[in-house]
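Below, each structure is written out as structure tokens.
There are two complexes below, and they share chain A, which is joined by chain B in the first and by chain C in the second.
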Partner chain A sequence: MALLDVKELSLYYRTSRGPVKAVDGISFELGEGETLAVVGESGCGKTSMASAILRVLPRNVHRYTGEVRLGGTNVMEYSNEEFRTKVRWRGISMVFQGAMNSLNPVMKVGYQVGEPLLVHLDASRDEMDEQARQALRSVRLPEYIADRYPHELSGGMKQRVVIAMALIMKPKLVILDEPTSALDVMTQANIINVLKRLKREARLSYVFITHDLALASELADRVAIMYAGKIVEIGTAEQVYRDAKHPYTRLLLSSVPLLRGIRTPESIPGTPPDLINPPKGCRFRPRCPQAFERCTEEPPLAWGDRLAACWLMEGGAA
Partner chain B sequence: MATPIVGTRAAVRDALRTKSGLFGFGMLAFIIATVIVIPFIAPYDVVRAWADVAAWTDNPRNAAPDWIDAFDDRKQSRNIILDWNDFNKGESNTSQNLKIIILQGRWEFPYHTFPSNYRLQIRATWASTPIQIAVDWRRPDDETVRIFEGLVTRQAPEIDVLPLTADDPRNDPQDRVRDWAVSVGADDVDSLRDVRPYVTLYAAQGGQMLDPNRASVLRGRYSLTITAIARNLTDTLEARFTSFGQVYGLAGTDHLGRDLFVGIIWGAPVALAFGTAAVFITVLSQVILGALGAYYGRRFDEVIQRATDFFIIIPVLPILILIGQLYEVTIVIILTIVILFNIVGGTTKVVRSITLQVREELYVEAARSYGASRRRILFRYIIPRTMPYTFALLSLSVPSFIFLEASLSFLGLGDPVLPTWGAIMGDASRNGALYNGLWWWIAFPASGIVFTTVAFAFLGYAFDKVLNPRLREE
Partner chain C sequence: MTEDDGTILRLENLQTWFSIGRRLFAKPVFVRAVDRVTLNVRQGETLAIVGESGCGKTTLGRTILRLIEPTGGRLTYDGRDITHLPEEELDWLRKKAQMIPQDPYSSLNPGFPVSRILEEPLLVHRVADAAARSELVHRALLDVRLEPTDQFAPKYPHMLSGGQRQRIAVARAIILNPELIVADEPVSMLDASVRIAILKLLTELQKKYRIAFIYVTHDLATAKYFSDRIAIMYAGRVVEVAPVAELLREPLHPYTRALMEALPDPDPDNRARERPALPGEPPSLVSPPPGCHFHPRCPVAKAGWCDVEEPELREMRRDHFVSCHLAA
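Showing the complex of A and B:
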């Protein structure tokens, strides 16, 4: 049985122009100890999907439906209070995009890392302090960091503090929302190594949200490609990187720059579609070099063992 | 953005580094030191008697501070009191039912100005017939003037104040003193009412003895002899003499002879307590309500914001004046009303806007995602962010509450018992202090108010500089 099973998850935002379909009927499964990389352009709904799973919603929610099964239980049926006490940090924790800003500037780091313990387990201050220091050690940070304030730390340190905070309750699943996007390459590598080790040691499952395909390949067992609020292709890392089926995936792969490579990175013409009025049928159709008549109909995702929402799969042409 | 200032201790330390912070803390420390030593200088009993006219009759009225003669080579006359047991007593029984009591008191008068008044109090008991007394004033030039002759009219414990300055059925001191003065060579005056016995009796012999403006002081040793004839051997007689000074104490006196120094130093704790209590409670409630409203939003926010609009518009002072007219108020009641009318106010609006901003910050969302309760987010994440603003506001608002209390007291609607700076200035204004040149009566309480408010203003600016990143001098 999968650890996380998401079915037809939708999250629409209310705006003055109409609902924005940020997440539109997403389904995927994630096993224990497995890492799913969710890759897509900015604004394709990756972060909204994470918010939808952890139910950290803004005020202007228009529609919030679907199923999120965690260890077999549909947590979407929980009340807010149940969700707060049973799911948040106990079941799923999250590392937010932009660690720089996800720490309270007026709290000492140690206190903040341990705070979930205080909230959920009513831990004593000593216990909390001890565990916070341990968590900081586990992300390779010196213990004295616990007595510092966030503004005294570097970006990479803050990122690791945020990861330590996500691990403090020993959850099974961690959602990593662009955990390294504001950091330099060395620090990125450092953090990816920390994440890999934690995954190995604690059999953690990750949902790793990124726009960086290269980085995703470091960590991912499976890869989901998102476009305009939908998953357009999902498969093992091998399948997606070696033998991408969806034209969008292929274009995305060819846009990755190579170190001293002979190929110049390509860009995809056009802009991502308006999520208030997305194109009919396949949402990539207006930008797709291989689009044909059939593409005005919504393509199914599953084609035998491969999952790619494209009509090209029908004739095996892809 | 500059790094945020974290923690109160750091804020205070940084505030102390600025000039205005240093001044502000220094001035505040001085006020607090005053408050601490007050019980030793003027115990609470003294101030409790502030409104009691009888408690202050030993002091001269409208007297200037006594240090003014440091600027003048003439030494201003001070208070001289010969107390009940300062009089020498002699008794002799002439017969079975007649006793003569003689009381004699002496004092040195070394000053260059005349006293502002004098008074002789008699405390007597008699069995059947009132005691008959005669009072002789003996001067350094060996002249003796009989200033009183007659009966004592009140029995102890009541005190009989002899009529020695103005006309009375029992005695006519002006007439007596004039007759004597003319007999030693003074120019006579047209109007008896202008004669001031306490001037003429202390005046050097000469034509101007009866003219208070031109007479000169005869310095030296004076004495009073009270000769009494008692009809009963058990009768007793005691006397107490006061020569009122022209100057008194460090801050002078008011129209009732109250020592203004006492009133002014007691004004400090009253103003400080009123200002800080009002500010702490109102700022706290305004911050919490503003943050609560913005955080929970919707209807609750709407209610708080409309209430705020309402309370900002309604004028508190006229309402307080109305209440002061209708009811007898104490300072605690005034404080309560002031607080009630400031439960919401300008700060509510500002904190609301700060909260709306902070609420959307990522770390608040992070806290929400790890399951922090709303109350926890409000008190540990949002309200601490409003502290820099609140801190500066705290000290900047104290003066406005001190002014409010002073205004009410000035209008005579404050606490009728406690001396406050505003009340003292109100008394001064109603009694024409400035018109009569009684500058100390206005100047000292006014400087008390100014000193305190400036101290808090300095502090406020210092905190503002430290805590407002845009004003920080990097």
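Showing the complex of A and C:
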């Protein structure tokens, strides 16, 4: 049984121009100890998908449907209170984009890391302190950091603090939303190494959200490519990186500049569609160099052992 | 006047220190953002300045444009010393050298339509009459592929996408027909697919108008494709400069090597191994370490040498300079 099983998850936002279909019928499974990278351009709905899984919603929700099964239980049926106590932090925690800038500037780091224990487990201050220090050690920070304030830390250290916080309740699954995108290459490499070790040693599962295919390959066992609110291709890292089936995935891969290769990167013509009025059929059709008549009908994400939502799969042309 | 090797801009031991907290009877404290940098920029070339945040690369770019006055060394443009030229005498430089800023969301006046944004530099420098100005705006929009131009000209920045806004910033930078453009992280806020389009556009405009570019970036991978030479900066200093292919084939500075190793390419095999990465963080620019600024993190540093003596920038191969005692 999969640790996380998402079925037909949708999240639309209400706006004055009509509903924005940010997440539109997304399904995937994630096993224990497995990492799924969710890759797409900005505005493709990848962060909204994370919000939908963790039920962190804004006020203007138009539609919020589907199933999110965690360890077999459909947590979408939980009340908000049940969700708060049973799922958040304990089952699934999240490292939000730019979270390192949301640390409380007037509270010591150790308290902030351990606070969920006070709230959720009624832990004593000593217990909390001990576990906060342990969490800091697990992200390779020295224990004395617990007694520091956020302004005394570098960006890379703050980002580790935020990761330590996500680990404090020992969740099985951590959602990482662009956890290193504001950091330098070297700091990024160090944090990715920490995440790799945690994955190996604690059998953590990650949903790793990023726009960066190179970075995604550092952690991903499987990769989901998102476009305009939908997953257009999902497969093992080997399948997606070495033998991509969807034209969008291929174009996205060819847009990455390689430090070690000779291929010249290419841009993708056009812009992603408006999610209020997405194109009929395949949403990538207007930008797709291989589009044909059939593409005005929506392609399914199911062709035997390869999952790419593209009609080319039908004729075996892909 | 261009020098013999095509150099239009020359930096010799250029230094930009910011004074912070000068107290009575106490020694003044400085942030050594740019520390003894020697570089040249040739006509029509792209020189990438690559380094991590806080290494001084943005300050270097701004000093080159004389948006900041250097505190030491010499800066010459077309053979003319501009190191301490007062602002009133910099009008000609303001026309010849332009900037493309990082953030296309904050660098365009939200109250101006595109046509006015592009006209602004022409008005400031009193170039042409109204009819000719509108023709120049039209041509600049064509150059950055915002067509039909009469559709884009009346639009306001908020009506444009990030990529389109950055095209406006590019159009504004080229409208005065400059010789030099400092592009400070011009694509780091854009999506990967848009990024390449903007960089290709810059390369194309460079060829068409023979503009020299200084491409300030943290991203070695894009620098590889869109520059002729790369200068690597660390803690206020240039540690290595070389033509792109040479630098990537044979990096001579241990920091350059570390930077290359830390950067992944898309490859599913990456997940099976740890990425080599230097521990620690770059030093404070207020009190950088003595000797080579890189020595505390350097895997090959020699005690008694690297922590004592400051390395000079030496030409090890033709056009390949490195500032490391141990480079051979």
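In this section, the second predicted complex is superposed on the first by the 316 of 318 C-alpha atoms of A that agree within 3 Å, B and C clash if a C-alpha of one lies under 4 Å from a C-alpha of the other, contacts with A are read in each partner's own complex, and residues count from 1 in each chain.
Operating definition for what follows: a residue touches a chain if its C-beta (ideal position, glycine included) is under 8 Å from a C-beta of that chain, and two chains touch if they have at least 3 such contacts.
These numbers come from a predicted model, not from an experiment.
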{"item": "Room on chain A for both chain B and chain C (clash or fit)", "value": "fit"}
{"item": "Chain C versus chain B, contacts on chain A by residue", "value": "C"}
{"item": "Touching partner for A:96 - first (chain B), second (chain C), both, neither", "value": "first"}
{"item": "Which of chain B and chain C A:192 touches, first, second, both or neither", "value": "second"}
{"item": "Chain A as apex of chain B and chain C, Cα-centre angle in degrees (nearest 10)", "value": "80"}
{"item": "Chain B versus chain C as contact partner of A:66, first or second or both or neither", "value": "neither"}
{"item": "Closest approach of chain C to chain B (Cα atoms, Å)", "value": "8"}
{"item": "Residues of chain A that lie at the interface with chain B and also at the interface with chain C", "value": "none"}
{"item": "In the complex, chain A residues that touch chain B", "value": "54, 56, 59, 84-85, 88-89, 93-94, 96-98, 101-107, 115-116, 119-120, 149, 151, 162, 165, 169"}
{"item": "In the complex, chain C residues that touch chain A", "value": "52-53, 161, 163, 191-197, 200, 218-222, 224-225, 248, 258-260, 262-268, 270-271, 274-279, 281"}
{"item": "Complex contact set, residues of chain B against chain A", "value": "3-4, 6-7, 297, 361-363, 365-373, 376, 380-381, 384-385, 387"}
{"item": "Touching residues on chain A, where the partner in the complex is chain C", "value": "35, 41-42, 154, 156, 184-190, 192-193, 196-197, 211-221, 236-238, 241-242, 251-253, 255-261, 264-268, 271"}
